[in-house]
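Think of it as A, B, C and D in the order they're written, each chain with its own count starting at 1.
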Amino acid sequence: MTTITRVAILGASGYTGAELVRILLGHPSMRITALTADRSAGKTMGAVYPQFSHLDLPVLCRIEDLDWSSLDLVFCALPHATTQAVLAAVPAHIKIVDLSADFRLRDPAMYEKWYGHVHLAPELQKVAVYGLPEFYREDLKTCRLAAGTGCFVVNGLLPLVPLLEAGVIDPDDIVIDSKTGITGAGRSAAEWKLFSEITEGAKAYGIGGHRHTSEFDQELSKAAGKPVMAAFTPHLVPMNRGILGTIYVKGDAGLVHETLAARYAQEPFVEIMPIGEAPGTWHVKGSNLCRIGVIADRRPGRTIIVSVIDNLVKGASGQAVQVANIMLGLPETDGLTAAPIFP
Amino acid sequence: MTTITRVAILGASGYTGAELVRILLGHPSMRITALTADRSAGKTMGAVYPQFSHLDLPVLCRIEDLDWSSLDLVFCALPHATTQAVLAAVPAHIKIVDLSADFRLRDPAMYEKWYGHVHLAPELQKVAVYGLPEFYREDLKTCRLAAGTGCFVVNGLLPLVPLLEAGVIDPDDIVIDSKTGITGAGRSAAEWKLFSEITEGAKAYGIGGHRHTSEFDQELSKAAGKPVMAAFTPHLVPMNRGILGTIYVKGDAGLVHETLAARYAQEPFVEIMPIGEAPGTWHVKGSNLCRIGVIADRRPGRTIIVSVIDNLVKGASGQAVQVANIMLGLPETDGLTAAPIFP
Amino acid sequence: MTTITRVAILGASGYTGAELVRILLGHPSMRITALTADRSAGKTMGAVYPQFSHLDLPVLCRIEDLDWSSLDLVFCALPHATTQAVLAAVPAHIKIVDLSADFRLRDPAMYEKWYGHVHLAPELQKVAVYGLPEFYREDLKTCRLAAGTGCFVVNGLLPLVPLLEAGVIDPDDIVIDSKTGITGAGRSAAEWKLFSEITEGAKAYGIGGHRHTSEFDQELSKAAGKPVMAAFTPHLVPMNRGILGTIYVKGDAGLVHETLAARYAQEPFVEIMPIGEAPGTWHVKGSNLCRIGVIADRRPGRTIIVSVIDNLVKGASGQAVQVANIMLGLPETDGLTAAPIFP
Amino acid sequence: MTTITRVAILGASGYTGAELVRILLGHPSMRITALTADRSAGKTMGAVYPQFSHLDLPVLCRIEDLDWSSLDLVFCALPHATTQAVLAAVPAHIKIVDLSADFRLRDPAMYEKWYGHVHLAPELQKVAVYGLPEFYREDLKTCRLAAGTGCFVVNGLLPLVPLLEAGVIDPDDIVIDSKTGITGAGRSAAEWKLFSEITEGAKAYGIGGHRHTSEFDQELSKAAGKPVMAAFTPHLVPMNRGILGTIYVKGDAGLVHETLAARYAQEPFVEIMPIGEAPGTWHVKGSNLCRIGVIADRRPGRTIIVSVIDNLVKGASGQAVQVANIMLGLPETDGLTAAPIFP
């Protein structure tokens, strides 16, 4: 007999909330019991996302109207900064998988520096586990609160952490040049996100100071055992889903490939391509996969790594389900076995 | 205990073949046993479609190298005209779900007129059942060969057939203006299908004479009980998936809506929107759904119907699986319950 | 010696305002003397539209800060409804080319019905000339105020008006199915206009009641000499520029083609394709052209017409310059000779 | 009185050929006298590019059917490798602006290494001048043959060459991460260029070994006065036009900005943005501009440069016209003053 886990999605009207719904609809043992969306409270999910209009889903409600006693776990897909106060008030029996940036940074001073205000739930921050299963699986098994990870950061850490841990690349000269689709910017209306402003063009943004930089610093330094400051530049390209990270490192390509292939041989969601092959973002779309390619530069001792994920899945909602599976003692791939969709 | 159906996909290197793979990977009782692709024989499926490179799938082979004895059912996703000879040679114990145009037209003279050559497998054509479950379910339950249906035609017939059968619209004045994504044109290389030739523009094509017209004539006339010749114009718009049909009819909108709502109340894949609401193609993408909206024109007695499907799913591979489920006595929704993917 | 016309663009921060700037920069005798944008007053045009940041253009100002004495003509690209009060206050020596909907409808009752409020400048409305040069050229030569025309309407009237005037089609059975790019919806932020909500999908909107319907009624009825109510359905497809109208009429294709070819033989911006050929929107992008194709339906006596324009050029800013040229006695093609840009 | 230059475009059926036509139609003193396209010989330009169907252009002919005596200058937009033999046969009185890769590399050994065959016109290669006006203007004034420049290379050299010449960046640690639209790949049909294969995704290609690398080596080494081998990785993103180069250098951002601003103060087609601002590709589309942004990294002594061009204009056909203007002693901006087109 299957034990059903009753879950709520806080912030179901955003793209990561909707993606959680899509994924959880195929999960064998999680049941969507509540959906919140403060500004759309009272509406059906189908009114907000017509692709779900044929389904029997809970009506959107306000967080304060939740019946906490009917819930076992919440996915929190609220905007950054609004999350802290909300999660501090969640009853203790409920497990929490956060998707926001609010609990990513372990150092409160670093949080304050990069986010511009003191942390509002420092006690929770202390117990939060960084929600990247490939590196924090054991801690996640027993935690109550899993912190969201930055989509660019997941994409970059998966190839870089094992290499820094193994000491096969130079930690002082890493360039991470990332290209993302627009869904990472969410559903709130803004002129710069209009179709007309995005289609048929590309741009860099947050150059030299994107907030995910702090998260890279935290995790890369931990892996290297010393402070690491990589160059990181995100770019926006005209597509919905996908992050492609092109990573320039100093290290031998053969060794890089061998290290990654060994490290991820048993991981269900990380695929190392044959050496010399680079993946495109199409090849992970809609799935929880990260595909990584390793290519030797023409200059000896330099290697180029290409890493791709779907920012809404492995970069957000899919990984959140993966984390929840771990926290609940379920098979880690439950609900996450769908193949990528292409074209 | 589940009985496993061993299936082959003939023509796995095309888009409908790949979409069959994607769908069947999630099917509870069909197992992909063989994949054919004459020009890519010997390659892995992952080499042809990298989104599948992490999966353990049969290597692509030539049709003549198939072990027919290991198969229970074949999906045939070969190009039009090449299908007839191939299917005539399939052993009798194997059920066939065709996706091509080769068996759609029941009248050999009509086939010859629209396709420019005599039919090469007239005996098979006689026993083929038109593979549209919503109208041919009973015949499909016992047939050996299901014929593929045109993607535009599925999109148009689902709203029109019940209305003609019920006599609530004028059969002599139907305009079907269809907009399709480019995947319907397949994966073969051609200048007109290049990204640069398609993005940021739209065009009509096959005006007044697209081959799907013959199929509309056949099925609409059958529904009306008299010859019906609708106007049908397909358009290409810059997207991958989706057909949106805008259908102009003479008939009362309330009656049209009521007729369709009643007709499809129990159908798992056809959703009638509340009157006055029109669906977009995003709301069915990746799913086997057809959504239909009914809107009253400002001119009394005229109604506009909007019908949307994903051309690769309900318009091709998804419906093929639905048909196979019926032919095998399986639950009709097996493998087809995934919600649409948006954004 | 060239006489310079000093022009202002009211509402320069919208897409039609920016397109006016682009076109006027290449005009031999118009000089952009002032640019207004109330909410962006004080900013440079380059700050609002970086593509112009290398140019020496007037700083954006508020309308009330304009020096009317320095102006000869204004292009008014303000949002619908805000235009009337503004234009009523323009000094009499200044010619006005409006791009809004505010002066399109000659009948104040019709305006009130379709726009939901009484007209605020009825005296101006009386003297406004409908700004479609191909049909109102003589009136435009001597008018002070030219009214903007709806982009869908320009696209549909160019083929339909000559046919109704000549009596070669049935005025009672016209279907106009239009597909537009998203720039027609302007630059104001809204969720439904986000890239993620538009790319990779299509939808119909304003079905049975889009405001341009009233304008079609006005002009088609005038052409036919009797009330004409066509079916008109606009669709949004994922592209920036372009309107493709597919028009279903009852009438002989040969006669339709002949009528249009004769009517437009001398028009610089209307191109009739050889019979049987249909244009795509790519073939007019960035230009002031309207291309029209005429195709015989398989059913005798029915004809399908395909008409394409760039909604920002012939559908708005380009035609506005064409109109201004006429009002100023300049060569009608001044500033408008650039070929379409493709790909 | 204006002297007319009679020009031919060899290879007018490709995208750079068509773009030359578009630009030259607005040129005050060049007249398109002949257009060649071997496989389309006998067709009109309008049949191959319908956007030109309303214009009176020469019918496409074969190269061997050209009347050389009627020509003053040829633009050669032929595929790489086919160019050498053709240009060797052009009569000596005719000036040549090549757009191919055939004459870019001054060292025949380097050409052979990167292009896989010995050069077929070594005498011409010796006299060819690298067609980048900002660095070779004086040589171009008197040359007969200007070599085409790689689109990625133009994009990267414009910011890098002055910095290397001035010694303000470290020549040993340059990373050039480039994102391009698909038109750079030309109009020949190939599966990987289909709309369905390109839209909604991104990929790197030619990693570690793209042919433009050799051209970077040649020109960067010349500028630095010592061998320079930069990292260069091109990426394909789903858009038609535009190259965005993100360049990581070691050097002070203030000094980098100052150096570039001073170097390009008088250049008509190179715009240095205010420090800290990065351009997008939309802001140059359709124009001959290169816009360059300089942003300080958070790590002192590191700078990120963003450079954008339209690959079909400054990366190919626009620059070719700029070069031709120089070779003919015309104003360098003739035919090239159109503002970018956005949206």
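Heads up, the rule we're going with is that a contact is a pair of C-beta atoms (placed from the backbone, for glycine too) under 8 Å apart; a residue touches a chain by one contact, two chains touch by 3 or more.
Since the model is a prediction, treat every value here as computed from it, not as a measurement.
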Exercise. Thinking of A-D, which of A-C, C-D or B-C forms a repeat of its interface, with over half the contact pairs identical?
Worked result: B-C
Exercise. A-B or B-D: which has the larger count of contacting C-beta pairs?
Worked result: A-B
For this session: Find the geometric centre of each of subunit B and subunit D from their Cα atoms only, then give the gap between the two centres in Å, rounded to an integer.
Result: 45
Exercise. Using CA atom averages as chain centres, what separation in Å is found between subunit B and subunit C?
Worked result: 39
For this session: State, to the nearest whole Å, the distance from the C-alpha centre of subunit A to the C-alpha centre of subunit B.
Result: 36
Exercise. Considering subunit D alone, which of its residues make contact with at least two other chains?
Worked result: 15, 183, 196-197, 199-200, 238-241, 279-280, 282, 285, 343
Problem set entry | subunit B to subunit C touching residues, read off their complex | 173, 175, 177, 179, 181, 196-197, 199-205, 207-209, 213, 229, 231, 233, 235, 237-242, 244, 246, 248, 278-282, 285, 295-299, 302, 304, 306, 343
Exercise. Subunit B touches which residues of subunit D in the complex?
Worked result: 15, 182-183, 187-191, 193-200, 238-240
Problem set entry | subunit B to subunit A touching residues, read off their complex | 15, 18, 21-22, 25-26, 49-55, 183, 199-200, 240-241, 271, 273, 279-280, 282-287, 289, 291, 337-343
